[in-house]
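Presented sequentially are two complexes of chain A, the first with chain B as partner and the second with chain C.
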Partner chain A sequence: MLKKTTVNQLSDLASALMEKGTLVAPVREDAGFQFREITDAKRVDLNFHNTVISPKSVFFPQTEDFVRYRTGRPMQEAEPVEPQGKPLILFGVRPCDVKSFEIMDIHFSGTGDVDPYWQARREAAAIIGYAFDLGAPAEPEEFYQTLGIGAADPEGSDIFMVRRGDDLLLKSITGKGEALLTGMGGLAGASADDEKFFDDTVAAGRDFKTRFTCVDAEVITKKLEDLFHNTDFWEKASNACLSCGVCTFACPTCYCFDICDETLFQQGTRRRVWDACMFTDFTLEASGHNPRTKVYQRLRQKINHKYSYHVRKYGVISCVGCGRCTRYCPVNIDIFSIVEEAMKA
Partner chain B sequence: MPVEIVKITDEVDTHDIKSFRFKFLNAEDESRFQYLPGQFAELSIYGKGESPIGIASSPTEPGYVEFTVQRAGAIVPGLVTAALHDMEEGGKIGLRGPLGHPWPIEFLEKKNIVVVGGGFAFTTLRSLVTYMLHGDNRPRFGDITVIYGARTPGLLCYKDELAAWEKRSDIKTIITVDKGNETWKGREGFVPAVCKDVAPSPENAVAVICGPPVMIKFTLPVFFDLGFSKENILTSLEMRMKCGIGKCGRCNVGYKYVCSDGPVFSLAELEELPRDF
Partner chain C sequence: MAVSFQQIEEKLKTEARRLLESGEVSLVLAWGKGYDEKHPMPYVAKCPSDADGIVFNEYCTHNPARYLVRYPRGTKIAVAVKAADSRAVVQLIQEDKVKRRDLVILGIPVYGIKNPKTGELIDGKTTCGLYNPVLYDVLIGEEVHGQPVSSPYAVLAEYEAMDRDARFAFWKKELDRCIRCYACRKACPMCYCDPCFIDQRKPRWGEKSPEPAGNLMYHLTRFHHLAGRCIDCGECSRACPVDIPLYLFHKKVAKDCEEMFGQAAGMSIEDKPVLVNFRMEDSDKILE
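And now, the complex of A and B:
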């Protein structure tokens, strides 16, 4: 089903979506665009290229309480925080970020123990994807084409949006998307010409140029295994790294977390918080032993995790080429160049 | 699972390693906590955190579960282990587990087992030996040899049990210390040298080795020289852990997570992984 509205009526669209559930959409902030829970429909803003932080926090918040308790009280009085998925619409997600959810699903709910918090939120959410503007060049850090992701791929979205001049075309991709679209007022029907434009955009998105190098999952896995002990390679790559971890926080597919207890005035919480393999104490053991004391070991871990270990464990590269790690790196470490160099090795 | 400390054993003369015996406060939790030697669990103290610790008791010892815990803090402050060490009998904590893969019992059956341990890393080996020595299980295994060493006599864990094993005829127990004292009448020497001296036969045998990295480093070549294959040498890895179920991304060695893919690995499996531990 294809429907349409206009960009001038965006706040009406947002209002209609807010009736269906919690709306999370891009808003303009001082530091750039971010996905935020919308309370004022007028704040939704699609004049963005991509958000600073990826939308993973919608399903995997930066801090997540597991148990709340009072210190000094019997532990049976502790109250577990049950996983809750409230109906949520995640609006305006770029195709590379949509792809990241599929990669995270394999880890959190597709294999081994299921993460009930992730799963509950994922199941209760509908994703409305949004094609990149094919008329403008890609940002210099982006390389999703390298990973086989088109600039207008609708896969993974429940509804996919394409902008046509001042019109916004909305197409349902899944049954969930169809149900959502059917139940919404204020949308106009689309013409056969709109249908063609939508399909053409999806097709053109596959040829959309970003930084590109030929990367095959199995080949890069093997190359990185062979490069593991090439300390020169990794020292060169990590020379400037400050171990600040911004690459992991901005990343849509980084999922490492810490579990910690925090207590204040007898109120205690056991929660998980995002963590980063770039931090020195990430692998520091109680004995004092630390297998990754050096910066190059940690950067090697990060690249290997995404391009080698993840492939060996789950069959897919854990990177979508959104370029955030490079864009926000204070010393311009470029994961794409490292991968490119590794492929040449 | 809430548990209560029913017994605390001060294992060593430095008083920083204690065994904590827990009973389950809810009877049904005990039947849910089905484990085998080699597995671990997270000990939980609200306000401090969780700490992954190998299970030292054996499933053949019903009614309780026991963990031998070192008070961390010499280098890294250990919140959970310190709080636990400060507790007394009757104290209550939480238990989450069992976690990880056990020693491969079926693989070990009908084989001669050589158990090699160093210092405080003997805990899950103690579980394994106790399991194998249980009357119902003993016929399932061939000869059992235990080689266990510590730096000093005072640092040997489970002293009473070691003495009992030495008296049994269905297990060969060799205890050694790096350096004895005036009352020590046993063997002196490093574990690798003792292994060489004892020279267990590789015939239908599996070596299960746990200890500090330096001990493992020098013990492995001894077993290679004796003719043990990499498939028949097992060990248990340590990495910093949080979730214990393969989700938090912390304890990987290459593409394996120590918590959910291990902690037990054969040497053949470890050779496939990068040296990142």
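And now, the complex of A and C:
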């Protein structure tokens, strides 16, 4: 089913969606766009390229409480925090980010060890994807096409949106999307011409150029395995690296976390908090031993995890080429260049 | 500028090659090619042929002094520095993290460096606003004179006009969006503690989760650990993925220190860090 509205009626669309569940959508903030829970429909803003932090934070928030307790009280009084399964609509997700959910599903549910918090939100969510603007060139940091992701791929979304001038075309992709679209007022029917535009955009999105070097998962995996002990290579790649958390926190496919007990005035919370393999203390063991003390070892881990270990274990590269890690790296380290260098090495 | 970025780059390459060929140093810290011209990156040359990879253009914001403490003590290092970067070198010498005799300082007088993210000129607003390095062994280019000097503290006027509550509200709003990626401390040449207080677990000074209380703990402590030591390169603020104007707080503390102790950080290797040094004539304002 294809329906349409106009970008000027975006807040009406947002209001209609808010009646169906919690709406999470891009909003403009001081530091750029972020996905936020919407309380004021007027704040939804589609004039963005992509958000600073990826939408993984919607299913896997930076802080997630598991148990609340009071210190000094018996364990039986502790209260577990139940997973949240309220209907959720995640609006305006770019195709590369939609693809990341599929990769994250492997870890949070696909291996059989189900993370109830991730799964509850994921199942309760309808994803409304949004094609990149094919009229503007890709940003220099992006390379999703290299990884086989089109700029207007609707797969993985429940509803997919394409902008046509001032019109916004919405097409249902799954049954869930169809049900959502059917139940919504205020949308106009689309013409045969709109149908054609939608399909043409999806097709054109596949040829939309981002930086390109063909990355064959099997080849890069092997290359990186061969390079593991090439300290020169990794030192060169990481000479500038600061060992901060920007690249992993912004990344849609990084999922490492730490579980901490945090207490304030006897009120305790056991929670998970994002962690990053780039932090010095990430691998610090209780004995005091740290197997990765050098910056190059940490950067090597990050690249290998995404482009080698992940392929060996799950058959797919754990990167969607969104370019956030490069865009926000304070010293301009570019994962794509490292992968390219590795292919050449 | 009388000397172009291109000429500076050529001179840097020549000096780096010479120093590595003669064996005077074992590495040169400068800038190199990034994924495009707008994004050069910190670079290390370890052999004469590496010198060809050195780049210098208007986007070379990074502070190479940040990397000095990464190498074992006694390593002979040549470090390319802009004005603020040179102050970091001086401050590190004062703090005995590096020895003057182990360094060859390649000083670059320059103006017109820009933040690639915003296109803004990097001047007194987000850095110290100086054009000439305060200390160098080899001058790369020519000293800049006659260029209007912008005060590093002028940008504080608006902030200083706020009352206590307004300031607190200002910082609360800014710091609430911190995601605790720690890029600020990691980009900072003066943040070399291992472990950083915020990573300590026993005792724990602040929560790991990015919530208001822990964010305030992290930043207020870091701001004060940098009192009299921050050399105003602005790298912390540029590193921040959510654009928190950390430079405002650092500048305010730097200004207070300068007023109280008559000394700015990293200006002379004869100085001692103000909060380490005790002098009878020191201001007591800090105790008030």
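Operating definition for what follows: the second predicted complex is superposed on the first by the 344 of 345 C-alpha atoms of A that agree within 3 Å, B and C clash if a C-alpha of one lies under 4 Å from a C-alpha of the other, contacts with A are read in each partner's own complex, and residues count from 1 in each chain.
In the analysis below, a contact is a pair of C-beta atoms (placed from the backbone, for glycine too) under 8 Å apart; a residue touches a chain by one contact, two chains touch by 3 or more.
The model shown is predicted, which means the values in this text are computed figures rather than measured ones.
Visitor: If we overlay the two complexes on their shared chain A, which of chain B and chain C does A:D30 touch? Say first, second, both or neither.
Guide: Only chain C; A:D30 stays clear of chain B.
Visitor: Touching A:Y328, do we find chain B (first), chain C (second), both, or neither?
Guide: Once the two structures are laid over each other on A, A:Y328 reaches chain C alone.
Visitor: Look at A:F336 in the shared chain and tell me whether it touches chain B only, chain C only, both, or neither; answer first, second, both or neither.
Guide: The second partner, chain C, only.
Visitor: Quick one: is A:A78 in contact with chain B, with chain C, with both, or with neither? Answer first, second, both or neither.
Guide: In the superposed model, A:A78 contacts chain B only, not chain C.
Visitor: Touch test for A:F108: chain B only (first), chain C only (second), both, or neither?
Guide: It touches chain B, and chain C stays clear.
Visitor: Should A:Y309 be classified as contacting the first partner (chain B), the second (chain C), both, or neither?
Guide: first
Visitor: If we overlay the two complexes on their shared chain A, which of chain B and chain C does A:D166 touch? Say first, second, both or neither.
Guide: So A:D166 meets neither chain B nor chain C here.
Visitor: After overlaying the two complexes on chain A, where does the chain B footprint on chain A coincide with the chain C footprint?
Guide: 258, 260
Visitor: Quick one: in the complex, what on chain C touches chain A?
Guide: Touch residues, chain C against chain A: 34-36, 39-44, 62, 66-67, 70, 177, 179-183, 186-187, 194-195, 199, 207-211, 213, 235, 238-239, 241-244.
Visitor: Can you list the chain A residues touching chain B in their complex?
Guide: These residues of chain A touch chain B: 67, 69, 71, 74-76, 78, 107-108, 112-113, 115, 225, 228-229, 255-261, 263, 268, 270, 272, 275, 277, 282-289, 291-292, 297, 301, 304-305, 308-310, 312-313.
Visitor: Would you mind writing out the residues of chain B in touch with chain A in their complex?
Guide: On the chain B side, the touching residues are 2, 46-51, 70, 72, 74-76, 78, 81, 92-94, 213, 238-240, 242-243, 245-252, 254-256, 260, 274-277.
Visitor: Using the touch definition up top, name the residues of chain A that touch chain C in the complex.
Guide: 29-32, 52-53, 62-63, 140-141, 239-240, 242-246, 249-250, 258, 260, 262, 264, 271, 273, 276, 279-281, 295, 326, 328, 330-334, 336-337
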